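When the chains are written out, they are named A, B, C and D in that same order, and each has its own residue count from 1.
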């Protein structure tokens, strides 16, 4: 039996489209102080380990770990970076605590996407230098190709994808942290500029800045620190083939396998029945549908109908991305996964304000590392 | 706490520039590591990748690009990163994957293809420093080492001549390493007379830039005992970062290495490292760094490492063989891969399989260490049989 | 295992294998551009440099001066309490005489990069260059003073100080 | 006096910079051979994994699924089908392209993988998933050993 680990503290620095008033260090500090206050811990005395999740070029700083310890109170402490999404960081913290070596671990990730002036080039720089880079295309062609294949294989329509954007932006209106909340119609999404057929402008999330810190604790410490620990019941992560040429066009295999790993750990046999709500990756509108299917929350090809019926709305039978998702909140780069976990924690604690769901006990958050990757993670959290 | 062993290791040659892509290097090392313990990719539960800044391989999110070569196809795959300390850290990270109980086996791969970075791999470092207060000065990587070496010599009255002995020893040790890039028999005078790059650092004080990959296979106790006659146990792990503000630290002593070492020694139950450790692989990107790190690893007192070197204690036949592999100075410095090379070297040494490099007297316990970031990271692993 | 392996993988190339096109290769100029937010601490630090002054902050809990100026104390993990002006004089903590630049090119006139402990900071050093001196006469412990760019040329950057020169005291 | 927040935009001034290094990439053991075959012989090669019964394009020296070393190479022909495609209206700078580009993943018969490339001699509205296409190489004299030695794929 694996040891139990809980999230006992959350903190964030407000999500905004730009943040010219603070440096990334000040952003990390702000999120960390709030998380430590929430958890009731002092970093130097109580926290055994720290994990930060960043990619070098996204920030324009190689070896990002250089710039991390001071901002988290982690000087002369075990701290390391994971160039990956925040949920990978939670997995690292989970494992460190499970070894018995550590009792409390803080996990951080943030976005300063606004500071990156050539974002298309950034993603293009992640392509295979021999087979893909020399073509010189805007890398979002990958999303267009994948969406096209997904629609082809599953019979999902562009209208159904548009409804995801409509729903998530509407949800975002009730989330004070969301940057891109608005009331729009499916026609507006469908009528927005065609970018990479069949992907239109409003099918794509826009970037945001913001920082998040979470404090994890062992069962013993968690019970001592808080009345409302949110338990990590399962966690999984997976990388499928990185080649653009060898990947399954329409299927998110990485999400399927990451989900399976998390379900197995959580002993969940029927995800849709045993999970009350989910926060899953919607970097592009179709991704939410593709991920719903990969995570076995509906059958293949059924996610479009689900959103059409309204089942995934905030007041539907299976709410998806109540926070507003990346389409509504803004895409927080590597902190995106933590933003999803943040929402799940707030909902499970009953602290989600106007968008609070009633009677939720188990939630799932999932992340994808974005184009051109074929990697992602999932985490299942519960009140019990 | 679950016991975790290293059961296999593999590596490529370290070269200035390789024909192989980073993926291919990763596969070559990983395949050799798996073959060495007769495991297949199906037996691998998870993969950990160690590779230093993306500015070397010049690919954003390079671990994603490298993943298939590292054997991560449809597996849990995570990259760990603490700059130059990454190579030993990923062994620690692989340890926590298995020790957590989540996985029974873990393939740990470290890769670096520095030759991709032009006009020179050293240029990658200007993107590391604080771009507000440091990089605008045209800051070179060598400045940092020169400052530290100068401070270290000044604090203890150590001479360049005493330090040069480390380069002589390690390059000679590397003569017996089949993967070595800069093995050579040189003299102290060769080092002292080599061209000044950033005084007190001279050309032969410095390790080269390299392409290469190294992999090890980790297994939980019940698996290790089944598949291996000679598992090498991970007895202690430690990692630590000091403040990012270099002007707030005294460079004469790497206290972050000491903190990481104490963490690892505590876990391993080691009270007197200088007596209990039989063999050491401290990180030696520069010759003085080996001395600096021996002190940080508490293998001798502050300022004493130069004397131990002069007395031959750190020779392969000495009482405390240090960098018997040939280290970064001799084998080459493919950053993350070099750190893991040191762990692989201990694995081979403790199993008595190091061939011509074998340290006599059946060593039982070894420590490997890497260093990184802005003179700031210590990563440590203690292995034993 | 190590001793049993006969053939180690990896294929070394020479530089001219690539330049003479004996093996195929391709180049990519990444074109990654940034506008990094300076934030509160560095923002003020640079604004003061433009005025020809060095500013730090102080944490009243541990009584340390933080330099370059920043808004939180990493040890006490709390917001700092006040701005403090420091002298533009200091002591060489350590230095180098550099004959190569940041991409390992040889340079004729060596640079003298140094860590300089700033007066009034309690021994905190900043990274900068030393000038107006024979490099081989520089010593740890030497006293130095900032040589500022003329006011009109300063732009609010660390390079508003041209270099530091020795002073007799 | 406590340290104030930034309260006026005039107090903010970002520092501009860029990554000043660039990349030079060898093609690797497999890539070297693959592109020599395109350059010199105008043919697309795959590498075979008997164990997994897969032929890789692009070819590799290893099978990503079983880690076997792949030594058997074979020509896969120049014809394939469009596995998926997109019509790209924007370039890398984010500017609107004067003419949209059709970017496709072309799969070859019996092959795991294929090549990502542009489609030519076809209008965007005519492109279809499943459409048969064939490779159009540049003239031999213009080929340098690059993915761009393939001019495009065209319907056939």
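Following the convention adopted for this analysis, a contact is a pair of C-beta atoms (placed from the backbone, for glycine too) under 8 Å apart; a residue touches a chain by one contact, two chains touch by 3 or more.
Remember, predicted model here, so these are calculated numbers, not experimental data.
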item: Joint neighbours of subunit C and subunit A, given as chain labels; value: B, D
item: Chain whose average C-alpha position is farthest from subunit C's own; value: D
item: Pair joined by the larger number of C-beta contacts - A-B, A-D; value: A-B
item: Computed distance of Cα centres, subunit B from subunit A, in Å; value: 33
item: Distance from subunit D to subunit A - Cα centre to Cα centre, in angstrom; value: 28
item: Where subunit C and subunit D are represented by their mean Cα positions, the distance between them in whole Å; value: 41
item: Chain centre separation (subunit B, subunit D; CA means) in Å; value: 35
item: Residue list for subunit C, restricted to those that touch at least two other chains; value: 11, 13, 18, 23, 26-28, 30-42, 46, 71, 74, 103, 157
item: Subunit B, residues touching no fewer than two other chains; value: 17-21, 55, 58-60, 68, 73, 116, 118-119, 123-127, 131-132, 243, 245
item: In subunit D, residues with contacts to at least two other chains; value: 5-6, 12, 14-15, 17-19, 21-29, 31-32, 35, 64, 146
item: Category of the chain touch graph - line, ring, star, complete, other; value: complete
item: Complex contacts: residues of subunit D adjacent to subunit B; value: 15, 17, 19-32, 60-62, 64-67, 69
item: Touching residues on subunit A, where the partner in the complex is subunit D; value: 20-22, 57, 60, 115, 120-121, 124, 129-132, 134-141, 143-149, 152, 193-199, 241, 243-246, 249-250
item: Parts of subunit C lying in touch with subunit B, wherever the complex brings them together; value: 1-5, 8-15, 18, 23, 27-28, 30, 36, 38, 42, 45-46, 66-68, 74, 93-105, 110-111, 113-115, 117, 124-129, 135, 140, 157-159
item: In the complex, subunit C residues that touch subunit D; value: 11, 13, 18, 23-41, 43, 46-47, 57, 71, 79-83, 103, 156-157
item: Complex contact set, residues of subunit C against subunit A; value: 26, 28, 30-42, 70-72, 74-75, 77
